[in-house]
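First the structure, in the form of structure tokens, and then the observations on it.
Naming follows writing order (A, B, C and D), and every chain is counted from residue 1.
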Amino acid sequence: MSEQLNAIKLSNAQIAWRAAQDIEDGSYVNLGIGFPEMIAKFQPQGRDVVYHTENGVLGFGKAPPEGEEDWDLINAGKKAITLKPGSAFFHHADSFAMVRGGHLDLAVLGAYQVAETGDLANWSTGRGGVPAVGGAMDLVHGAKRVAVVTDHVTKTGEPKLVKHCTMPLTGVGCVTRIYTSLAVVDIDQGHFLLREKLAALSFDDLQALTGATLNIAGGISDLDTPKL
Amino acid sequence: MDKTLSSLAEAVSGIGDGATIMIGGFGGSGAPIELIHALIDRGSRNLTVINNNAGNGHVGIAAMIEQNMISKMICSFPRSADPKVFTDLYLSGGIELDLVPQGTLAERIRAGGAGIPAFYTPTGFGTDLAVGKPIAEFEGRSYVQERWLKADFALIKAELGDPMGNLTYRMAARNFNPLMAMAAERTIAQVSSLVPLGEIDPESVVTPGIFVDGLVEISTPKQEEILNRRGARYPESAA
Amino acid sequence: MSEQLNAIKLSNAQIAWRAAQDIEDGSYVNLGIGFPEMIAKFQPQGRDVVYHTENGVLGFGKAPPEGEEDWDLINAGKKAITLKPGSAFFHHADSFAMVRGGHLDLAVLGAYQVAETGDLANWSTGRGGVPAVGGAMDLVHGAKRVAVVTDHVTKTGEPKLVKHCTMPLTGVGCVTRIYTSLAVVDIDQGHFLLREKLAALSFDDLQALTGATLNIAGGISDLDTPKL
Amino acid sequence: MDKTLSSLAEAVSGIGDGATIMIGGFGGSGAPIELIHALIDRGSRNLTVINNNAGNGHVGIAAMIEQNMISKMICSFPRSADPKVFTDLYLSGGIELDLVPQGTLAERIRAGGAGIPAFYTPTGFGTDLAVGKPIAEFEGRSYVQERWLKADFALIKAELGDPMGNLTYRMAARNFNPLMAMAAERTIAQVSSLVPLGEIDPESVVTPGIFVDGLVEISTPKQEEILNRRGARYPESAA
């Protein structure tokens, strides 16, 4: 099924686009380093979203043109950013007070594995090397919604949505919604609740690619995105 | 994004009976007098109020107590020569008091805003104000465990504010205001000057807008100390 | 002996003067509300001292002339102050971080009672009324030196330097030096150590006015102050 | 009061072998490069260094590691593509690592500065980084007890500084610098502009001088990211 899957599955840009549709006007949002950062590109017109970065900036905008970077103005991924009117600087303790204190409306992170309990594993494969955690363990606590963007399965076809995480945990019971390359899945009281799936994929095929039961409540919508 | 509110009445409209409210200020400086008086006009009752003091004179928090709106005060220094209304109410059992050392009060509010449910402090160890609280020893010294403080609403006073809620303060009127802004479900600021977005230097923002839910411009705010030196009362008919 | 005592004992201004002599150049100092505030008047020439007040000002100066007060610029005693060059404003949590975090060189407070163990009682007589503590319990912890200025005995002649405090404690084992109307006494490992006394007063008379043993190490100096 | 130091060498002269040092900065922003390089010139060994990262490229903290000055790193994100020196040393047991979540690292440093020996945080609960730490439940949720972090020295970078040590910062170069200033026995700041007393608006001071022990003006400071993009090394002969 792998080839067929690759033909229908969403690109990262499409997953990011889908996640962006759920970000409400007036939200304060932290986008994790890497793939989640792409979501900002697809922010729907007319919605005002304030982006937070761990290293002490609120209200930043796009990357500056190459050659115009100020390297004292970066985000947590160490990429150069620009300021929008109404931005603010603050130190690291105030920055994580915003995170831990429940002031963010949404944090979006990547994942190695997400369990049906909402447990997230995204910081360490547990296979040795230099461990590095950054702000991931802080970000999964405090934001009103903690969402994940991810491929539905690993490169070798293993489910990333699982019953129990086998990799080292980032946080326990913290994820509220998962945007995958095949579906949108909520975490609801310790269970996966399927909200949307690609029309080209049957429920049974999706279930086969998922490591725990996909529950249904109130119908499944088509996961429909533009070509990106 | 525009968090500007059209009136004081709108600003306090959500504050119902039984709410817990943090009110900024220290003595006569930094108190959001117009917001407090709007709340008196609204007439909410059975409120828990968190402030360093329990009011002075016959305006602001003192006037709330006179109007019998407050059932509990959480503060560090409720004693006041004038008015006697808190004293009389307290001694007759008409108002509850939770007395907290000033630094612990500030840190508990910050903890509420920062998602820290409890912390240890040397303050109060071995005193009556630590009775019943967990004690722990770190590196041979004893500390008291204190819990976070949160509120349903914070009413604060700031100097400059922009539509996103970024705030600066005026001198020692800063005091508890930036902390309370962090620790309430809904933070309402009265600002002495509402400026367009981008006019506050991002380096000089003291309270980033993420902590502020609504703001109302009061361009020539009343100052509690000055009101009290004039013998002001609120409502004026209360004299 | 009470009349004789009143004739020789130091005035509050003289106690404050004596305490001021020990404040080193370059110190950060918090003076408690009331009597301790008087110490600032007697700061020796040529010494640069930065005063801290709990409500968020560092580096304030004298009271402004009457009529020129700005009531947003006050100290913890709610008195109007002025700024000196190099002052700073900060919020209450940062202010008490300075206190609790050990950043002050000296805090000076008043006292109802001080025990030989360094215990201090200065916030409540324990006799009812409205309790009020303010910043006293915070100030006794953290400053490198915690000094007390006080009359040596109460108005009714009872010792204020005692074996155990009978009034509600402000802090345990926190006081390091006591400036009284008759003597300068250190707290040294759970004992009073007499450093200076009025020349006009015998050691035995001083001991009789003190509620615990006055120890001596290395001699007693005369407590000598200008007329104030 | 004049806390100005005459040279970088004087600024780091007291930092002996075995010291614990907080070094400001996040990635390439806010790192006190000149102070770090002065410390490399001094050649102290067996240091414990607290920083968010474990260095990048071949300058700053990365150069300290290359010079074998650091025996232990306390940080949140030590991984780096270049250089491999931390990775190699760590994997061979040549350097100790205490990995701390970034927000917990910031809060532990603030706690050290604020006299709070321990606090509870939701961060890390149920993960490998909470193993062995006390757990407590508050209002039905589990939290990890974390301890304060203090240091013998803090080396920080600021924008403006006055002779009393009042500091401002430049954009996101603020990061850990103001926190570390609070948490060390002795805090040394390099400032890009030393201004006369009274030139920093008391409202805009980010780090009040009480937290600063010495400062040295480096009027055109090197920026770590820019150095690394140029492939710089320290000392230059290390290439």
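General remarks:
The criterion applied here is as follows: a residue touches a chain if its C-beta (ideal position, glycine included) is under 8 Å from a C-beta of that chain, and two chains touch if they have at least 3 such contacts.
Worth saying up front: this structure is predicted, and the values here are computed from it rather than measured.
When chain centres are defined as mean Cα coordinates, A lies farthest from chain C.
Chain centres here are Cα averages; for chain C and chain D they lie 37 Å apart.
Chain centres here are Cα means. That of chain B falls 30 Å from that of chain C.
Residue positions of chain A touching 2 or more other chains: 89-90, 93, 96, 99-100, 141-142.
Contact with two or more other chains is made by residues 107, 110, 114-116, 121-122, 169-171, 202-203 of chain D. With chains as nodes and touching pairs as edges, the resulting graph is of another kind, matching none of line, ring, star or complete. By the definition of touch given earlier, these chain pairs are in contact: A-B, A-D, B-C, B-D, C-D. Across the complex, chain D meets chain C through its residues 1, 110, 112-116, 162-164, 166, 182, 197-198, 202-203, 205, 208-211.
Only residues 107, 111, 114-122, 136, 138-139, 141, 143, 147, 168-169, 171, 202-204 of chain B touch chain D when the two sit together in their complex.
Chain C meets chain D in the complex at residues 26, 28, 48, 50, 52, 58-59, 83, 85-90, 93-94, 96-104, 141-142. Against chain D, the residues of chain A that register as touching in their complex are 53-57, 70-74, 76, 78, 89-93, 95-96, 99-100, 119, 124, 128-138, 141-142, 168-172. By the touch criterion stated above, chain B contacts chain C in their complex at residues 26-30, 76-79, 86-87, 90-91, 97, 99-107, 109-110, 121-129, 169-179, 206, 223-226.
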